[in-house]
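Next come two complexes built around chain A: one with chain B, the other with chain C.
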Partner chain A sequence: MAECHPVGFQWVMEAKRRGAAVIHVDPRFTRTSALADLHVPLRAGTDIAFLGGLVNHVLQNELDFRDYLLTYTNAPAIVDERFQDTEDLDGLFSGYDPQTGTYHPQSWGYEDAQAAAAAGHREMPKSGAGRTTPGDTHGAAGATLAAKPHMDRTLQHPRCVYQILKRHFARYTPEHVEQVCGIGQDTFRRVADAITSNSGRDRTTAFAYSVGWTQHTVGVQYIRTAAILQLLLGNIGRPGGGILALRGHASIQGSTDIPTLFNILPGYIPMPHAHPNQDLEAFVEADAGSTGFWGNMRSYVVSLLKAWYGPAATAENDFCFDYLPRLTGDHGSYRTVLDQIEGTVKGYFVIGENPAVGSANAKLQRLGLANLEWLVVRDFQMIETATFWKDGPEIDTGELETERIGTEVFFLPAAAHTEKDGTFTNTQRLLQWHHRAVEPRGDQRSDLWFYYHLGHRIRQKLAGSTDGRDRPVLDLTWNYPVEGAMDEPVADAVLREINGFGADGSPLSSYTELTDDGSTSCGCWIYCGCYADGVNQTARRKPGHEQSWVASEWAWAWPSNRRIIYNRASADADGRPWSERKAYVWWDPGERRWTGHDVPDFQASKPPDFEPEPDAKAEDALAGTDAFIMQSDGKAWLYVPTGLVDGPLPTHYEPHESPFTNVLYTQQANPTRQMYGHRANRYHPPPSDPGSAVFPYVFTTYRLTEHHTAGGMSRFLPYLSELQPEFFCEVSPQLAAERGLTHLGWATVVTARNAVEARVLVTERLRPLKLQGRTVHQVGVPYHWGPNGLSTGDAGNELLSVVLDPNVHIQEAKVATCDIRPGRRPRGRELLRLVERYQERAGIATEESP
Partner chain B sequence: MGRRTWIDHWPVVRQLTGSDPLGRGAASKSRHSDELTARTGTADRVVKSICPYCAVGCGQDVYVRDDAVTQIEGDPDSPISRGRLCPKGAASEQLVNSPSRETTVRYRRPYGTDWEDLDLDTALDMIADRVIDTRARTWQETDSEGRFLRRTMGISHLGGATLDNEENYLIKKLYTALGAIQVENQARI
Partner chain C sequence: MNHQLSGPVDDVAAQAGYDDHPQRVGFFTDTSVCIGCKACEVACKEWNLVPEGGEPDLLGLSYDNTGDLGANTWRHVAFVEQAAPRREPVDLGMPAVGAPGGQETAEDDRDVRWLMMSDVCKHCTHAACLDVCPTGSLFRTEYGTVVVQEDICNGCGYCVPACPYGVLDVRPDDGRAWKCTLCYDRLGDGLEPACAKACPTDSIQFGTLDELRERAEQRVEQLRADGVTQARLYGESPDDGVGGDGCFFLLLDEPEVYGLPPDPVVTTKDLPSMWRDAGAAAAVAAGTVLAAFLGSRR
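On to the complex of A and B.
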């Protein structure tokens, strides 16, 4: 955090000054470790074993925050008797189909109850009493089961979540943590004591994480393990608690909320999948469930369609629901790159991104670029993605020839943040408006300009078309005001549309005002209220020192300006703060309202003792203690009965490439991980195969303070290039001795995908792993580089394969295996020969598929 | 310090007679540096902004003179950053004023060996034609089971995490209307 989010880290230091213990868990010793009370170096890719050990410590010693657990989580819920755990099946859950590498999760549900996934997993068969079919292709099928499960509040029922959890994590002992993670038992106990003694009524523990937790074949389950631990300890929805994602780009949160992602629409509404005769009603019913705030999903969808299609969207035509294109599977970024190589994808827009060096298996990316018909790149500088046809690494090796690459390339210069109005959504869900300071020069334009005018031009060219497929384009609401000499669209007008309008045309103030009859419009329901009272709330800048520590009058947080979500859980079942010290929001019995330091994330006048009618819908079906208002049962899920494709509980699996066999189960790696067989995407053999010894070392990738992502905004700047002038790798003195590497000399790092050269940094910051009676070395590889710019070097992404988490399709970039040797890498065809020799020695030279 | 005479320009005199006997401060200051003024002091205006790098969202004050950005500093009013910027944020003046920033459209024709110039309006028109043509050639109205798809699998997109919400909104809205579904960004990378 001190390295990649240094200004955010000032608050960790403030907490430390006030007595907080800071623990840093990372394979490397970094600036964060230097300032922490304790650094816990663990083997890359073993966090579930570590966190699972902490969960087990809490459960075995009954250190959980019992009142919180019983009030706010599904710990007492009874699970279907057909469910079988990894304890029963040696690393698999019930329902695994080895033919397809997927689970049929029907047995994972609650007994006699049906829960809906919170958002987006339309294709998940619903769990429950066995009435659903794989694929859930019917959607509107009639049976409505109760969303709320049977509960055993004594937590003694053998099939209650609490007991299942206890059995599941029992083998995550300190001894196993030591064997798997390489963390000494004394260190483990120090961590366990620190977090358990610092949780409860009067104290909270927070976890901050970044892509070190997400870029794994089990990334989602990493976060899940942390969620289980934090819920057992009562650290969610409370000040000083939480699981805090430290995201790496100015608006990466915004680009998820208003998604440039294939599987969702604005506000986490799923993109519809292809189903026969599915109308809006069936779509909503299949995904939303009828209880909790997602029970209002129809209002959110109809208001979005009204924002997009305006008067064309009517009740008679299902509000143009049929205008939405349909999904049929994984259409994620890596799948698309393989389809580019296949030749089915013809055109590609790359906007402020640099996949030619910034995405896993960079060669695969460039092979995709080279097989397009046309490519549009919009950026500040001439990045590698725009120049691959001219000077990419494959030109040097002879794999590609400029004169034979048919890709037509348009490079369009982009405007900077100082040259345009608009909002970024930061990692805390805060929308912050930035004002235009100057005009861009020459052909530089904002992306708002480009997409508005591109859409305008396409609509002009299609005007008069009678082809049905052009109706959605021509019916689109696309009349934004423009200003200035460049005809720049007014960003403020777009933000107003995102916020939404009521029947009288005035801006809405809250998503609770949205209706499903077409009288309201809203471009992103969770952002509704950012223009409340006709005021751009995101541009509020009341100085921090002139307001409370919550700083509610600086910018605007979704939803409804709440700074901590699910904050109903900061009070006890009766609505009283858990302690005076940790008071945040509470029930005021005199006023009969929720109040406090933040906007309560709860219906303002629903009393703590409220019990819903049995047939109540949406938020009215939630009790006064159901703090997790987006969930159909109002509870935080320790055990996930539906919504995940790789199991209802986290399980330690080894990374896809690992020198170690899994000591916890026979199942080596995540059985549902996504693999892509391709000659340019070869995988290393498993550790049981002697060929694995060809790649004996573990490597991990990371960022540096002085560079940004794939370098487009940093490698071209003199200050930053001077601070970090070239690509390097980090190795321990022991590994340097073993392989003859010298400090500041050159090394070549090799995998079955490619080889890169880097300056050697010999440092004790990266320690050899000693576990299971072996010593295994780790290599550290920062990933920012490429051949263009002022600070140059090979791209770390050359080394990685594409192998993905099955829930979210994110690549395992944080851990793989490699070899390292002294000296620079060969040039030209010799580079290919080097990699081929490694493939031959490992016995993977001829394999096309995993 | 009072009015300087010629002899006061000798640092050693100031060091011996002034309040800086070690010669590490005022005594060693030259007339040149004495006469320098900060760019922040001569700006025509200061514009409120947000750092474009990571997602902490530090406040920035953008100093502008003669319609050019002259300096970018941390915004002390921000309750998030309290005036601080990291090395990247502090370098963002170089980001916006970089001499290697591209200012014109560049075009590489199929099988071409070098960049060519292209008018922005022509480029926009050509891209619009490519979209329309590709969409028509790759349109999928239904799948083999008769389920309607209404999409193109011929047009893909990557990018969004460094863009404004308003930009992403138009991107998603336009692509969805066009039936282009392979729209992705850094959040999955």
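On to the complex of A and C.
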């Protein structure tokens, strides 16, 4: 966190000053470790085993926060008798289909709750574009449950979630943690004691993670394991608790809320699939669920369509629901790259990204770029993605020739955030407005300018068209005011549209005001209220010392300016704070209202003892203790009966490439991980194959404070470049001795994908892994570099393969295997020969697919 | 007021001739919360338009690629990688950074410790650089800080060896001396210096010297109470060889480990006695010569 989020880390230091214990779990000893009370160097890719060990520690010793558990989680829920756990099937759950590498999740549901029936309805047609996942079809809500589960509040039923959990994690013992993660049992117990003694009525523990958790073939389940632990300990919805996702850029949270993702619409509404004859009604029915706040999904969708299509959206034409594009399969970023190579994707916008060096298997990315008809790159600098056609590594190796690349490349200079108005949405869901400080220079333009004027020109070209397929573009509300010499669209007007308007045209103040009859419009339902009272709430900058410690008047948090979501759980079943020390929101019996330091995340007048009518819908179906209001059953899910594609419980699998066999189960890696067979994306053999010895070391990729992601914002700036002037790798003194590497000398790191050269830093901060009676060395590879700019070097991403988490299609960039050798890499065709020789030795030279 | 060349000085600005002046200001750099982000280095260069440091080079000094303070580096973050438990301290007899990464070859299972410290001009109570400057380019400000007026620096370079900390240096391309001004221009506008403003963890704290010394005293006591027995202040004492630093530090190890001199002494401290001795020597020499002439006449 200190490495990549130094500004946010000030609050960790502030907590430490006030007595908090800071524990840093990371394979490397980083700047964060240097300031932590305890550094826990676990083997990359084994976090589920580590967190699972903590879960087991809590369960076996009954250290859970029992009142919280019984009130707010699905621990008492009874699961379908057909469900079989990894305990029963040696690392697989029931429903696995080895032919397709997918699960049929019907047996995972609650007993007598009809979760399975709807799943078939949403089954995707198999297409050449690859498979889709329930994650793609369900948005953030996951699949829906048709009924509330049976509950055993004694937690004794053998099929209740609590007992299943206990059995599932029983093998995650301190001994196994030591064997799998390489963490000594003393260290493990120190962590376990620190976390459990700092949880409960009076104390809370928080977890913060970054892409070190997400960039794995089991990334979603990493966070799930942390969620289970935090729920067992009662650390969700309470001050000082939670699981904090530290996003990789200033507004990555914003770009998921109003997504740049293919499978969701604004506000986590799922993107519709190409089901024949599916109208709005059927879409909402299939995905919304009838209970919980997602029960109002029709209002959110209709208001979105009204924001986009205005008067053209009417009840008669289903509010233009058919104008929305439809998914036909996996259209994720990596699938798209393979489709470019196959020639089915012809054009590509690259906005503020640098995939030619910044995405896993950089060569694969460049091969895709080289096979397009057109490419638009909008960036501050002439990044590698814009110049691959003349000086990319494949020009040197002869794999590509400039004269033969047909891609027409348009480079458009972009304006920086200091040159435009707009918001950043940070990890706390805070929308923070920034004002333009200076005008953009020359041809630099904001993204808003680019898209507005591009849309304007396209609409001019289509004007008068009678072709029905042009209607979705021509009917868009595209009437933003512009200002200044550059005709800059007014960002404030866009924020107003996102906030939404009522029937009388006045700004809405909460998503609870949205209707499904077309009388309200709202560009993103969770952002509704950011312009309440006609005031840009996101521009509020009242200093902390002039307001309460919750700081509700600094900027604006979605939803409804709540700073902690699910905060009903900060009070007990009766609505009283768990303790005075941790009081946050509570039920005021005199006023008969929820009140407190923050905006209560609950219907304000619903009393704690409220019981819903059996046929109630949406939020009215939630009881006075159903704190997790977005869930159809109002409970936090320790066990996920539907919505995940790789199992209802987290299970330790080895990384896709690992020198170790899985000691917990026969199943080696996540059986549902997404693999892409391609000659430029060869995978290393599993550890059971002698060929794996060709790549004996583990490497992990990461960022440094001095640079930003793929370098477009840092490698071209002299003041930052001189701080980390070139690509390097980090090795331990032991590995240096084993391979003849010298401090500041050169090394070549090799995988089956490519080979890169890097200067060597020999440091004790990188330690050999010692587990299962073996010593395995690690290589640290910061990934910021490429050939352009002031600080240069090979791209660490050349080394990675494309292998993905099946839920969210995120690449496993945090762990893989490699070889390292002294000296610089060969040039030209000799580089290809080097990699080919490795492939031959590993026995993978001819494989086209895994 | 007499111009003292050593020892404690109550009011350094008054000694420099300011009758009515603001309180003396400085930095308290608390290395126990430094995360080595180098925001101070960048903010300093951005605000003061300091040129980049020349041809970038990977130095191999852990994550430090700046190397040291100089004409183009007015803040410098040192990174010290140590094996822990620490080796027995060895008296190297001169300032040196701890063993950088890659120099250790001992057993596997040692813990490591990574110390970071943002170094800066100390703005000494007795600033030898100022004393030796022949043009008056280096001067004491009303805030008690020491600043180079670049327009009248003649590039003689006397200040460079005069500094007991090795802070000052001349730019090869223009020959003049440059160093931290404690953002003299910002102080006049009531702003804190750029490095302190940019520091995310408040490792660099700006304020009046009296208040900073008080704050530092409390911090070091708290750290020691928390078991950080090695915590100590450096440069805060008016009784030290430079009369106390305007910019002082909280360190977690011996100063030598961070590349700081353990007992800095203002290099002009002995100037009076040197002149006295030189005068005596000259008198003796003159007497001898005179005696020789007188003798030869005899």
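Quick notes on this one:
In the analysis below, the second predicted complex is superposed on the first by the 817 of 850 C-alpha atoms of A that agree within 3 Å, B and C clash if a C-alpha of one lies under 4 Å from a C-alpha of the other, contacts with A are read in each partner's own complex, and residues count from 1 in each chain.
Basically, a residue touches a chain if its C-beta (ideal position, glycine included) is under 8 Å from a C-beta of that chain, and two chains touch if they have at least 3 such contacts.
All of these numbers come straight from a predicted model, not from anything done at the bench.
Once the two complexes are laid over each other on the shared chain, residue contacts for A:Ala503 go to neither chain B nor chain C.
When the two complexes are overlaid on their common chain A, residue A:Pro6 makes contact with chain B and with chain C alike. Within the superposed three-chain model, A:Thr328 lies in touch with chain B and out of touch with chain C [touch as defined at top].
When the two complexes are overlaid on their common chain A, residue A:Ser791 makes contact with chain C while staying clear of chain B.
Put simply, more of the residues of chain A are touched by B, taking chain B and chain C as the two choices. Using the contact criterion defined above for the overlaid structures, shared-chain residue A:Pro718 touches chain B and also reaches chain C.
In the overlay built on the shared chain, the residue A:Glu706 is in contact with chain B and with chain C.
Of the two partner chains, chain C is the only one that A:Pro733 touches; chain B does not reach it. In the superposed pair of complexes, A:Ala463 makes contact with neither chain B nor chain C. Overlap of the chain B and chain C interfaces on chain A comprises residues 6-7, 10, 705-706, 718-720, 723.
Residues 45, 47-60, 62, 64, 67-69, 72, 76-82, 84-91, 94-96, 98, 100-111, 113-115, 118, 120, 123-132, 134-135, 137-139, 141, 143, 145-151, 153-174, 176-189 of chain B are the ones touching chain A in the complex.
For chain C in complex with chain A, the touching residues are 33, 35-39, 41-42, 45-46, 52-53, 56-58, 60, 62-63, 65-66, 81, 83, 101-105, 108, 110-116, 200-202. If you check the complex, the residues on chain A that touch chain C are 2, 6-7, 9-10, 13, 17, 29, 31-35, 39, 704-706, 718-726, 728, 732-734, 736-737, 743-744, 759, 761-765, 767-768, 770, 790-791.
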